[in-house]
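Shared between the two complexes below is chain A, which has chain B as its partner in the first and chain C in the second.
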Partner chain A sequence: MSRVESRATPPSPEEEPEAAGPEKARTPVATGPAETRTAEAAGSPETRTPEAAGLVAAVAADGTRTPVATAAPPEDRTVPPVTAPGPPTGRKSAARRREALAGLAFVAPMLVLFLVFRIGPTLGAAFLSLTDYRLSGDWAFVGAGNYARLLDDRLFWEALGVTALYTALYVPMTVALALGTAVLLHRTLWLRGFFRGLFFLPYVTSIVLAAVIWKWIYEVEDGLLNTALGGLGLGPVDFLGSESLVLPSIAAASAWKGFGYSMLILLAGLQSVPREVTEAAVIDGANTWQRFRWVTLPLLRPVLFFVLVIEAIGAFQVFDAMYVMTAGGPVRASYSLVYFLYDAGFKFFDFGYACAVGLVLFLVVLVFSLIQRRLVGREVD
Partner chain B sequence: MKTGFTRAAAPLVLLCLAVLAAAGCGAGGGGSSANQVTVWMYPVIMDPKANAAYWGGVEKGFERAHPGTDLRIEQQPWENRDQKLATAFGGGKGPDVVLLGPDQIPQYQANGVLRPVDGAIRSARAAYRPAALKAMTLDGKVYAAPIYHTVTSTLYNRRLLAKAGLKEPPATWAALKAAAPKLKRAGIATLDYSASGEASLNMSFYPLLWQAGGRVFDESGRRTAFAGPEGVEALTFLVELYRAGAVPRSALTNANLFTDQALGRQQVAMGYTNTPADAALAAQAWGSDNVIVGPALGGPRKQVVFGMPGGLGINAAGRNTAGAERFVAYMTQPAQIAALGRAGGFFSPRSDVTVPGTGAHAKEYEAALAYAFPGEPHRAARQLQALLAPEIQAALTGEKSPREALTAAAEAGDDLLARQR
Partner chain C sequence: MARLRLPVLLALVALVTVTPFAVMVLVAFAPPGGRTLPGALDVTRATWQNFADVLGGADVLRWALNSLVYSLVSVVLILLFASMAGYAFAKKRFPGREVLFWAFLATLMVPFQATLIPYYLLVAELGGVDTYWGLIVPTLANSQAVFLMRQFIVQLPDELFEAARMDGASEWRVYTTVVLPLIRPVLATLGVFVFLWHWNDFLWPLVIGQSEAMRTLTVGLATLEGENVTINQIMAGATITVIPCLLVFGLLQRYLTDSIATSGMKA
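After this line comes the complex of A and B, so read on.
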């Protein structure tokens, strides 16, 4: 638990209904699940651990916060502190082993499906990338031949460049949009659920449908946007026909389609920022921007990291929007790595080569996630 | 204590068994049994109800004629046609019989997944139009038995031509160039074009190339030939029209459709690779009085349009090749060709069968059939299109001159052809 959170004071009675929810599920039994509680409760008003209780007392002794501390409802103090488990006896450890087995049995179906449908094909693709595989099922082992060819392929580097540029455009756009709407929603009390649903709606729309509609919006002749620009005496702008505008245009359409998911995650993150912390900042004289920049944002860091990684991975895998809106054009200005993979596999029937592209994409995403983890997620643990 | 494990064990074992059983069924159930024939068919008849009714009738008719055979015609979408077929063939689960176009044949033949149909069409062979059969022939063997013939031709919007004061629909490149300024003054583009990377060049650039007297591949099929003077002439013609605003700017993302494109929306006066189905849609959208179907567009060297036979190919690894051959023979009979032509608005690939014209413009399309060219079959035909299409875009946007664009595409194309196994 971080220092900021350890200053937490117990929730006021008005806040109690919300804060009480998860607590009721908690049992006083000091076994496995209880150990995970602390991690789960991180960021929520946690006052029940002995540590926190001690702090409340300290604050009370300080004299300044006493009324707040005593305002906690009585049942707060009825939850007994977590007791440390005694040394495991033979019977207990056997029981624990059985429990572990039971847990394993419960995840087994998922594990089997995951192995069969995810890990299996991935290993298969890794093997295929070392072969020259033909439609008839004949294949020949070519070692690293496909990878060597890839390094020499101008199209591959072009597609990688396009994908990187798209990611650089899409991720900040989406995360800014998601964070902005999440902050607004967090402050909105009126019809919050309605707006949340409204903003989430594009996310559950089919990307193909969204892309077709955005294609109409961007159209040069009689497109919605160009008609509007024409009204202002501007344009027409060839959004999808210009090599410099096509990626920002597709990224904007995809951001509109995709920000809802990140918005929900960030909203949940915002809601778990303890109110006491921001209240303390108010008392310290911080204005709205300072509170957001120096209190909320640092606490949102783990959530933000998650969102950035997820969106970046999604951006690296972009295909559908480009397939529908531009078919990779003009002049391959929107020809992404996955499009290149698709063409290699299904237009050129070069399955081994396509698998090599897939594995390279996997490595790129992996390295990118690790770098991001270092940069953004430094203090996550 | 009865733990969760003991309680959960029985249902979990059952679940695992069910999953394994389902996986096992999946692995074994893909192919057909000895007396079953599976066919992959596409919505060749545009009206879904008519399509279902027609192929349902074929199933019943064939099973009646061949008792004991279980014919299963599976309807597939046109979208990602090769992707699905390649995946199925690659996984050893291809259908026994599949509908193929001439340009699909070389790549599948080269991969050894097709079996010649010469045996199945022994009795029909002499009756076929030579061009239809030639389009499906490779190394002296026929790989798909033609069951229909498509054709495209010019399609004009009479109202828009009249608005620009044009009395005659422009039928040649020269007439088209002369008409463009007049149409522009009336605020109308002249020629619809599809330059999207997913648009088949058979319906966009290649007809212009052929009209200029050019070819896609050289005689040997080992090198590309489109970057010659004829190709440059064709691309220059197109680029000049585009620069002058005579080809709409939406051309860059257009994909050989009618409805959602400038022609369908009455923003452009004519198309030159439109099907009878397009003409029918145009009649609905513009009113039948406004639809003119003209002869094949004439270029500086030739008058030619794209039109190709559709045929049935047989899976070399199918379990029931005898049944597949019987089905192909059944579908190539005069009665079936006439029935399919009537239902789908197609023309007959057999010279001894004439499909009674049902469409309003059947006569014009029948006339265009004489100029129909099925494209240049090559195992790398589709791949080459993926290399050429972006370069045509580069010429249209002005990034490259027509000659530079075609030369760049030819270099990449020759590399591709040299890499062919």
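After this line comes the complex of A and C, so read on.
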């Protein structure tokens, strides 16, 4: 799992489901959270992560809006700039200057790191994608040349297709598993903490570890699965060697590793569904399934969207599992977009080309985030 | 029947969750060559041989040291720099504060892999390939950590800091004696995350640590396969790799799970 994952922030489970719920469900709880929300909007909006996440998307997606215009919390706009002219007393402006200096000093170490190792490489990637830059250090400006090459590169389209298919397999598997276990845990009173910890365990390990173990589980000769299948009299299945089975197999291994995160988010969402709502449904004679389908699930929708998008963003950046389990094979059947980028950069040292692939990856991630923002944003409105 | 369904389902999920770990440990302790399940299941023949072999064969101890340095130094420095920056963003007025903060946040939208090449070229240009600083320093620029810190500190009442300042404490003293003790829970949470991010990190250590001696444990585990080692030794290596994660998880589970549920942090 990459350390710096592009991500949005989840809708706060205590509030969003209520806002998105059906009319009937909204009434019993409307006053409480609504008041809180107004208070927060007036007071300290920065304590609420959802706004922040939405604004990040706005900044990244819509360059025409200046960050300050959309982003500045109301309280900040009333604060005069440090250099504001006017008649403040000498002591007051000296205090302001000292505060500004202290602020800058505290930010300085992170700011330097950030400018050098975040902003720099980000701008660098955009620029390099317009050049032909090789290991020798020679480079030439080629404009959109790399992107034109990408359009004609069959390998690139294959990698994009593999990644899309992998995402389409991994996301439903993971979210279904996460939702199922979250519902189970929500219903469990006995040893809930224990089971929650147990189910979460794979998540704290690395993808590499999961890949190493599952590679052996999938092995044809004496892997766990084929030993079990053999016991049932079923022939050995070459899970990782078959072009049609390799992606589902990798996705299943990754789902085992990854579902714990979404499980926790969904569990928090479930626990925030007001008890009055489900109790009202019981009085109306709804059975367990009906309650889940028509009451809980609609209330859970924003959280579910969040989880789907986060998992999709993660899935699109898949690399580690394939590097370890199949090296992209068989015949590139598990050769992902990031694998393509990695090879372009560190096998062929075609740095400009690799950066162009990176930009495609960025755009896909951005689209996922925007979709989430649209859907969740509309429901909240 | 209906009352039995829940425990049965729980047990089933637990089985699926635990089985891969169980086979890892069983194969790791099985006598060399006892890779098939019946052989691995024979606990009476359990042996440390595979651990001895993998530690003797590959540079596993060196990789473990690299992983520890990478993870622990990053935890300390990120906690320090991010809490300082978070404090300034939350409680200090200085020119450009909003623009800078949103610039920090905007970079969260850019996947790490998309900037991998310039990232690598920059560090290579500075002479950081195959060095500890080349491995560690670039990863310290962690916007998510700054964001988390700022969100936490902004909720603390200003009076707490003002009182100390009235008493004539210097800015640095306010930070060390007032801010740091107040943010202990978020330091613990972020510490767990940063440790796991770095311990489990793969792509960056893979490209920046090019000699065998500079591999981390995670990268080393992935490369063990190509070398002449048995599956028993690989599983022994995997078992060694997972121990620190389990320790950290066991000790600090509460911080980890609570913060995911409330803030959506992703390890």
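As a convention for this text, the second predicted complex is superposed on the first by the 245 of 381 C-alpha atoms of A that agree within 3 Å, B and C clash if a C-alpha of one lies under 4 Å from a C-alpha of the other, contacts with A are read in each partner's own complex, and residues count from 1 in each chain.
Here, a contact is a pair of C-beta atoms (placed from the backbone, for glycine too) under 8 Å apart; a residue touches a chain by one contact, two chains touch by 3 or more.
In this text, all values refer to a predicted model and were calculated from it rather than measured experimentally.
Of the two partner chains placed by superposition, only chain B is touched by A:R332; chain C is not. With both structures placed on the common chain, the touch criterion links A:I217 to chain C but leaves chain B unconnected.
In the superposition on chain A, A:F351 contacts both chain B and chain C. In the superposition on chain A, contact is made by A:D320 with chain C only, not with chain B.
With both structures placed on the common chain, the touch criterion links A:A178 to neither chain B nor chain C.
Among chain B and chain C, the chain that touches a larger number of residues in chain A is C. By the touch criterion defined above, A:V277 lies against neither chain B nor chain C after alignment on the C-alpha atoms of chain A. Once the two complexes are overlaid on the shared chain, A:M110 sits against chain C while remaining clear of chain B.
After overlaying the two complexes on the shared chain, residue contacts for A:D238 are found with chain B alone; chain C is out of touch. Of the two partner chains placed by superposition, only chain C is touched by A:F195; chain B is not.
On chain A, the surface patch touched by chain B in one complex and by chain C in the other comprises residues 99, 101-103, 105-106, 109, 113, 116, 222, 323, 345-346, 351. Per the touch definition, chain B reaches chain A in the complex via residues 1, 3-5, 8-9, 12, 15-16, 19, 23, 80, 82-83, 86-87, 89-90, 92, 107-108, 111-113, 195-199, 248-250, 252-253, 255, 262, 265, 267, 317, 382-383, 386, 389-391, 393-394, 396-397, 399, 421.
By the touch criterion stated above, chain A contacts chain B in their complex at residues 95, 98-99, 101-103, 105-106, 108-109, 112-113, 116, 132-138, 215, 219-222, 238, 240-243, 323, 325-332, 335, 343, 345-349, 351. On the chain C side of its complex with chain A, the touching residues are 6-7, 9-10, 13-14, 16-21, 23-24, 27, 35-37, 80-82, 84-85, 87-90, 92-95, 97-122, 137-144, 146-147, 150-151, 154-155, 171, 175, 196-204, 207, 218-219, 221-222, 225, 231, 234-235, 238, 241-242, 245-246, 248-249, 253, 256-257, 260-264, 266-267. Across the complex, chain A meets chain C through its residues 1-7, 9-10, 12-13, 44, 46-47, 49, 52, 55-57, 59-60, 67-68, 71-72, 76, 79, 81-83, 96, 99-107, 109-111, 113-114, 116-122, 124-125, 128, 180-181, 184, 187-188, 190, 195-214, 216-217, 222, 224, 227, 256, 261, 264-265, 267-268, 306, 310, 313-314, 317, 319-320, 323-324, 338, 341-342, 345-346, 351, 354-355, 358-359, 361-362, 365-366, 369.
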